[in-house]
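In the two assemblies presented below, chain A is common to both, partnered first by chain B and then by chain C.
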Partner chain A sequence: VSSALEARREQSLGTCWYLYGVVPASSAPDERFDWPSVTATGQVDVLGEGTLAAVVTPAPAVDFDQPGLDAHLQDAAWLESKIRAHEQVLERVLAHSSVLPFRFCTIYRSEESVRGFLRERRAELEAALGQLAGRVELGVKAFADRKRLAHRLGSGVQDEGLGEGESGGRAYLERRLAEQRSADDLERVALELVEAWHEELMAHAAAGTFLRLQTPEASGRPDDMLMNAAYLVEANDRGFIDAVAALRGEYEALGIVFELTGPWPPYNFVPDEAGTG
Partner chain B sequence: MNQPDRPLQHEVTLLELVDRVLNKGVVLSGDITLSVAGVDLVYVGLRLLLASAGTVERLQDSDETRLLAPAASSR
Partner chain C sequence: LSSRDLTSYRAGDLSDGQPAQLADVLERVLDKGIVIAGDIQVNLLDIELLTIKLRLLIASADKAKELGIDWWEGDAFLSSRGERQALEERVRRLEEERGIEGETASSALGERSER
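Our next item is the complex of A and B:
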């Protein structure tokens, strides 16, 4: 009864709790940090509940509950600052602890509601954290200029099978077909390369997953993205980073560039169902 | 916990972040969470900053009626 009353009181005070992630209580950061957060005050609290702890910020409900939140979702500057704050808090936590990252804008209407969630879902949360213990997410992207790659691979067959004097519709069609075959060949070769790289990297990872490819505008690189993947790796094992370095050396001559990002909170390796229901 | 050295880029692109914090991570646990429509709205809100053809395609694929639903869902 008292918790329900308190929840109502907190709601009337206009505060809600923004949840960044859940950590094991044993490695949780000290309570209350003045980190950059999703609010102007910058306060980040750690709410311990048994074996688990929630990393939260008490935030004005006017910003994070409806209808205020809906309005903010259309404000690019607001969104960017909050998305970056969400990530920065989790990265700071990750430096000290395993962390189960939650999705942007996971909000509770009272502290008791957060605590209740930790109690009710303890088994699932502990299991998910167990999978992530001592591990971080690393991102690997591979880029190549496809034309250069085709040239280096010797699969540019546009000029094959066409006699000097041939012209007209058939020659055009044959050239188109040849080009098509060339593009298909290149695509197949690229897929085979990506599979080989993935296999190589998985030898040093607990898990791995492919992410959607980004366009040059989105990636900020002129070359085509051949691979975009995320891996769950032991935080203090250099094997994975060395494997990426080896790929760099091996494929440099083909004009293929590998980009490594992270360590990320393991967003891509939380169980789909954790915390649902 | 020891971290690997950060050989890694510091200035993370916004898209990289958005794809992770909006599409991945534990979902549906809060009293308030972003609905799928809400996530689409965020991509729309950030479209000038993201300028991603892939994102635009994704939005075109999405159901228009869904886009009209309230952005955040609560329970």
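Our next item is the complex of A and C:
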């Protein structure tokens, strides 16, 4: 493959603008020289337009416009690297600013087109950013070895040192355990536990949502996933993290493990009205 | 966790310095976030199918291979619309069977029991 030919093709096709997300112009990140991007050499730029700014990368149209893009979208390795780059850029942005994350592969053909978008949708974008201001998304997952959990529940939790606690969750669990023994009951108890955890965490969150449960291949843990949830929390409030720590302490003896991820750009909490119009 | 303010965390810090699990990234970057069509029309059928395939891959690489969906090893997307629809149907059925489509914790503990 001739790189000169490649370069000429690139030149003739020009540049397009890959949009990662929108931030308030006042908090847009200004030092981005060592950032990753969706292109091999391209940098992350900020296009300010009034009160808003778009976080973009000028990208070769040969890769990010048709037909090149269509071909790339069939290439799993390409996809994974670009999807990860998209996420990493937004994570960097999040360290500086509130951010409205956009879905993978939102692409414009000119800088002016991006600016036009910011002007046209200003009201909705500002409203959406207002709702997310100062907030981040945290992920909470809970895992347990199903057989081990069943065994512990079935053989009485006192043996595991759970008996002395008076805290609500454990007392509740013990009561339930006295009644429930079959696998079906175990399932029901687990669902009730997840609901109880969710309720406790919601006390420290502005919003919360359940995500799909993942298999061990996806989660990277051998245990069964009991809960996969995302929460929108105030970035400077430790109450949520303390609540997760409390759950960890409370359920450790049962072999239940809580995993906290993030802070994520608030993907799961972008207001609907900003998303589809 | 330290007593630092969350604001002093860099994104991802809560994951103990580990890179985010691909599954966690996919379920956000591909499934969520603002969708406003840019200038370039990404083939929605492709993305849709891709998302389904990625989900399936997450659910079980072995199962996907068994079905001949080893696209990550380089095979092209199926060529005709009919084939795609057939595949989508198949994937949806499989997802339903495996209970990985649900948004709630309805399949907690992995093996869902019949009610």
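By our rule, the second predicted complex is superposed on the first by the 230 of 277 C-alpha atoms of A that agree within 3 Å, B and C clash if a C-alpha of one lies under 4 Å from a C-alpha of the other, contacts with A are read in each partner's own complex, and residues count from 1 in each chain.
One rule holds for everything that comes next: a residue touches a chain if its C-beta (ideal position, glycine included) is under 8 Å from a C-beta of that chain, and two chains touch if they have at least 3 such contacts.
Every value quoted in this text rests on a predicted model; they were computed, and no experiment measured them.
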Superposed partners chain B and chain C on chain A - clash or fit: clash
Touching partner for A:108 - first (chain B), second (chain C), both, neither: both
Chain B versus chain C as contact partner of A:97, first or second or both or neither: first
Touched partner set for A:232, first chain B, second chain C, both or neither: neither
Which superposed partner A:146 touches (first chain B, second chain C, both, neither): second
Touching partner for A:53 - first (chain B), second (chain C), both, neither: neither
First, second, both or neither for A:220, with chain B first and chain C second: both
Touching partner for A:83 - first (chain B), second (chain C), both, neither: both
Partner chain(s) touched by A:184 [first = chain B, second = chain C, both, neither]: second
Intersection of the chain A residues that touch chain B with those that touch chain C: 16, 19, 22, 64-66, 69-70, 73-74, 76, 79-80, 83-84, 86-87, 94-95, 100-109, 113, 117, 121, 128, 136, 138-139, 211-215, 217-220, 233, 235-238, 241, 260-265, 267-268, 270, 274-277
Touching residues on chain A, where the partner in the complex is chain C: 16, 19, 21-22, 64-66, 69-70, 73-74, 76-77, 79-80, 83-84, 86-87, 90-92, 94-95, 100-110, 113, 117, 121, 128, 136, 138-139, 144, 146, 149, 183-184, 186-187, 190-191, 194-195, 209-215, 217-220, 224-228, 233-238, 241, 245, 260-265, 267-268, 270, 274-277
Touching residues (chain side chain B, partner chain A) in the complex: 1-9, 12-22, 24-34, 38, 41-42, 44-46, 48-55, 70-72, 74
Of all residues in chain A, those that touch chain B in their complex: 16, 19, 22, 27, 64-66, 69-70, 73-76, 79-80, 83-84, 86-87, 94-98, 100-109, 113, 117, 121, 128, 134, 136, 138-139, 211-215, 217-220, 233, 235-238, 240-241, 259-265, 267-268, 270, 272, 274-277
Sites on chain C touched by chain A in the complex: 1, 3, 5-7, 9-15, 20-30, 32-43, 46-47, 50, 55, 58-61, 71-72, 76-77, 100-113
